[in-house]
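In what follows, subunit A forms one complex with subunit B and a second complex with subunit C.
So, the complex of A and B:
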């Protein structure tokens, strides 16, 4: 008898269609002049549009805001769980849903970082992965779901999540430092 | 190094002034969102696609390759045209498109034209609309020739990730599986065709999807990485080399296709000959030389 083997899927949920609020003030907002107040920059999706200027501010800071951010309140572990099961049903029908029903469980979901971990049996993890790929909306919010890591133990999955978040944090901090430097100089 | 060779250029955006205009109406911010989404997923080369029909000679490129180059500096942008082939005479216009676009793709609408595209057109990519039922069967005899010539065949996944119709997803799966069968898994690339950021998926998700369509894991990865790179190389060699074997690189005003290509700033107006290393390709080029002289 071989022991039951499973895979842990680390996934991230993105909300590219939701409008965002700036975390950090942009350069224009930090040092306002008369002209710039009159024509204040406005956000369009995620790109900051400077009036008359080029489409700007697609730096890491904004990108991190768009792609690694908390979602609306309606997205929590229970709605994510329901959406995943729904998607499996829709894409793989009764057979697919039946195969993975006993083994799929949402081990962890953090609304703050929109990151989650799923456990699936090793034989069928590709089914669940594809169901995540075809996930279009959760609780009425249009989303994109991407898998960032697959591993055999939850510990490795956790480590992967931590290292990814460290990298993103580093990028945000670096671009914030850059923004401050350019403003001071 | 992941490649997405199909991001449709928004319709109606042609020059800088209308670019200014559409920036306010939303087409350009939408495109920007799509592109930066792809960039955050780790794609490093993105090609804007312009879908054209009719006579090729009058086609002008509306694509402005470098709109976002300064803001997304990690990404190389290319321009691409997909010519919808419904008449064999259109093939004559293909050379005139070479100078206007980086990548040349065709979408044949009948089996005859598919055969023509596979056997003798000077193109880089065959792009079939796999979200609909194809009017013909895909055969190994036809597609095998294209694969042997180094022309790749494209699958666009966006119709299946778009919200709504289940039928398009079914068609895509069925067509992708038959394409895999017909080509024996060789020479297939997968690109997005995403009109919105919500339709983009990360490269690893795509190669997982490919394994469900019947690809092996390795071929699934090749489809977004190695084979897609081969398309860019093929395009470059088609545009800038002699018989796809020798390339003359002019150091001073060398056009940048790939940002990592050496432009040779230290070599003053020296020309550099490049012999392509792969023996197989040389052989193909030789064959084609023989074919051309016939």
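So, the complex of A and C:
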């Protein structure tokens, strides 16, 4: 009896062209006025984080905020599901779609953190991975998908997701920590 | 704050959302539906919508962080839930070591904390189990009834009642061997050819037993425990052994007489036996022409018997006594009990007849038992399971004991320190399991405590009184049935409530014990024989320490680079016997395998000019083969050098060159690179012509043994010894071994013991591995 083996893919969605205006934590308590929002620097896309971009020398906190931003409302589990199947169809045709159709399923997706976990059969997970790579639009929003972790059990994927979240939180709080350190010293 | 919204909508989930409770209002509310729902619920991970962290197109950092924390929480919960879903029944949730086959229908076989849940599950089960009705009218029942009647008649006889009076006294042989005791009279038949340890029944259910040296000893637990043993002995709460098979002898009499005999037994020329410390070291045969009046021992290092633990307890309680009575405990391995006894007894009788009429040698093999504890927290575990009786006049003793158990790790105490203690009946001490379970900090001793320990011990020694463990009357503490013991506790508590005094009531038993800190880092708790079972259970049963068998003791000694008696002592008679037994076992196993599936040692090619075939007998450490070239005889019995440094300097003039030819000494071997040596592996010295190639191996890890670059195994003339215990040492992180090398051969090849690199080759392997030896 051969056991059915599967792979769980942990992926993140990035939004290269959505604007965001990050706010520093020191101003958390104050509600910014419309003027302040308008005049705050708006960053378009995380391509700016690459060397040569406008945000290439940004501090850790800004980088984290831009790179790990949450997605718009239109991107939820059903739209992501549809987009993945569409991408498989486009890249690998009917054959590819048929191979993975029964085994691919979106186990978890959170729009708040743009993280998702896909389950695929072990034999065809590379097809799905490649399709994810070529996925550039979900519900009209241009996206870029990156795969953070692949493993044989969902437990390990969950653990990886937890460690990434912890790391991101650490980075987000970096400048706040630095401020506290400098104040204390 | 945040609204968790389920993004995977299932009909059951929506029903749940609507009702707000976990109950399904459907007609078919059977267990299976509930279970399905539970599983689906567990596998579903709750997620948040993005409007929680993104507002007006800007990122609110606090909410950003909180969104991630929510995700972490949701994922952890899902992991936890799906794990607990898998455990369908309670008995599957029980830790591996506590599982019992009958636990699925027999709730009382489970640990107490699982019983309530298991009872509920049994009630829920579809087919309720009804206990089989037993037919009482059978031949077996008749026999039982007859046996009961006979027992009642026997118990009314005088003979029985006389024996019951001396119940508490375990048999001690004075100047004669003790008679064996049988503790479980129901199983008298099974104890015919061997002696059971006090904890035999407990171990028999949990470990594989072997009969060795006349005792039935656990050889290894039923579960696989190589790594748990290592962990518990090095980092954990502790591992406990029942070592009651170690033979104890008491030598009692005038101080001078006792010292004369002990000094000769251990071949020490000075009064090494103070009263503060126990001596652990080799003991020797006393030659028959030993002159009791001479003060200098006749040293003939050839006749090593083995290792012993010797402690002298001097009774100074009566300063006006004419002669000081000393009692020496001599604790030896059962394999060498007979030789030690027969070497001591004639001299005891001789001395007794001359001037020292109160000298006697007691055989306490079945009167004093012991428990060995290893582990950095084992003293903490001791403290939490046992309670010391604090008498007002022994304030210093209790102070010391408190410090000792605070230490936690026996390695913090000085070698050979002995602490006599008196304990309450451990069954009457109510200790919450959470206290036993709590994790202790490494040690709570500070420098003041150490000073106190030292100073108090010395002052205690000056006013020492004989530990009650060493007297027959002191050991006379009866073991009551546990129900009676519980009743005694209840009465004491009521009495204390009335009087409000914390002192122990009169009928509380005081169990004498002795704690000894051993050289191998263990604590030996010596107790009266019939109390060992109760103390042992109290130390192991809560499940936070583990127990071990002979193999585990061997493993711990091996990991600490210490030789294990008798396996690693081939220079003693006991060691040779053990080696022979193991060799027979190995050969037997080899012969049992079909010829195609086993290795043919006769066809081993060593590629070094020697003919085909393994050197010597492949299943054993063939000492005859190694030493016959030197000595010229075919059957050579090696003898062990105990004081290696002394022999290197050749200060001992007693031994001539001829005797040294068959001398061997113990070494610890560490492999330089890869390799996992096993017992009986051959040890070679490195020949000069290949020295540079082997030294290159120190740094060059890329040369594979199978290539031509790898230097070949040296020839037979470079063989210097054998490995007695080997493996991969988890404590050191590399392969290590305990070996014995021939003294003269090593001297010849290693330039007077200065070159300490050697080669190790397993039996059946054709390549050697670079290693370093070090005398131990």
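Everything below uses one rule, namely that the second predicted complex is superposed on the first by the 144 of 185 C-alpha atoms of A that agree within 3 Å, B and C clash if a C-alpha of one lies under 4 Å from a C-alpha of the other, contacts with A are read in each partner's own complex, and residues count from 1 in each chain.
Operating definition for what follows: a contact is a pair of C-beta atoms (placed from the backbone, for glycine too) under 8 Å apart; a residue touches a chain by one contact, two chains touch by 3 or more.
If you're wondering where the values come from, they're calculated on a predicted model, not measured in any experiment.
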Q: Once the structures are superposed on A, label A:126 by its partner contacts, choosing first (subunit B), second (subunit C), both or neither.
A: first
Q: Return first, second, both or neither, reflecting whether A:137 touches subunit B, subunit C, both chains, or no partner chain.
A: first
Q: Note which residues of subunit A are touching subunit C in the complex, please.
A: 19-25, 28, 32, 37, 40, 61, 65, 69-73, 75-77, 107-115, 154-155, 158-159, 161-162, 165-166, 168-169, 172-173
Q | Sites on subunit B touched by subunit A in the complex | A | 23, 26, 28-30, 32-33, 36-37, 39-41, 67-68, 70-72, 160-161, 163, 166, 169, 196-198, 200-202, 204-206, 208-209, 211-212
Q: Using the touch definition up top, name the residues of subunit C that touch subunit A in the complex.
A: 7-8, 45, 47-54, 56-62, 64-65, 67-72, 75-76, 78-79, 82
Q. In the complex formed with subunit B, which residues of subunit A make contact?
A. 14, 16-17, 44-47, 49, 54-59, 63, 66-67, 90-91, 126-127, 129-130, 132-134, 136-137, 142-144, 146-148
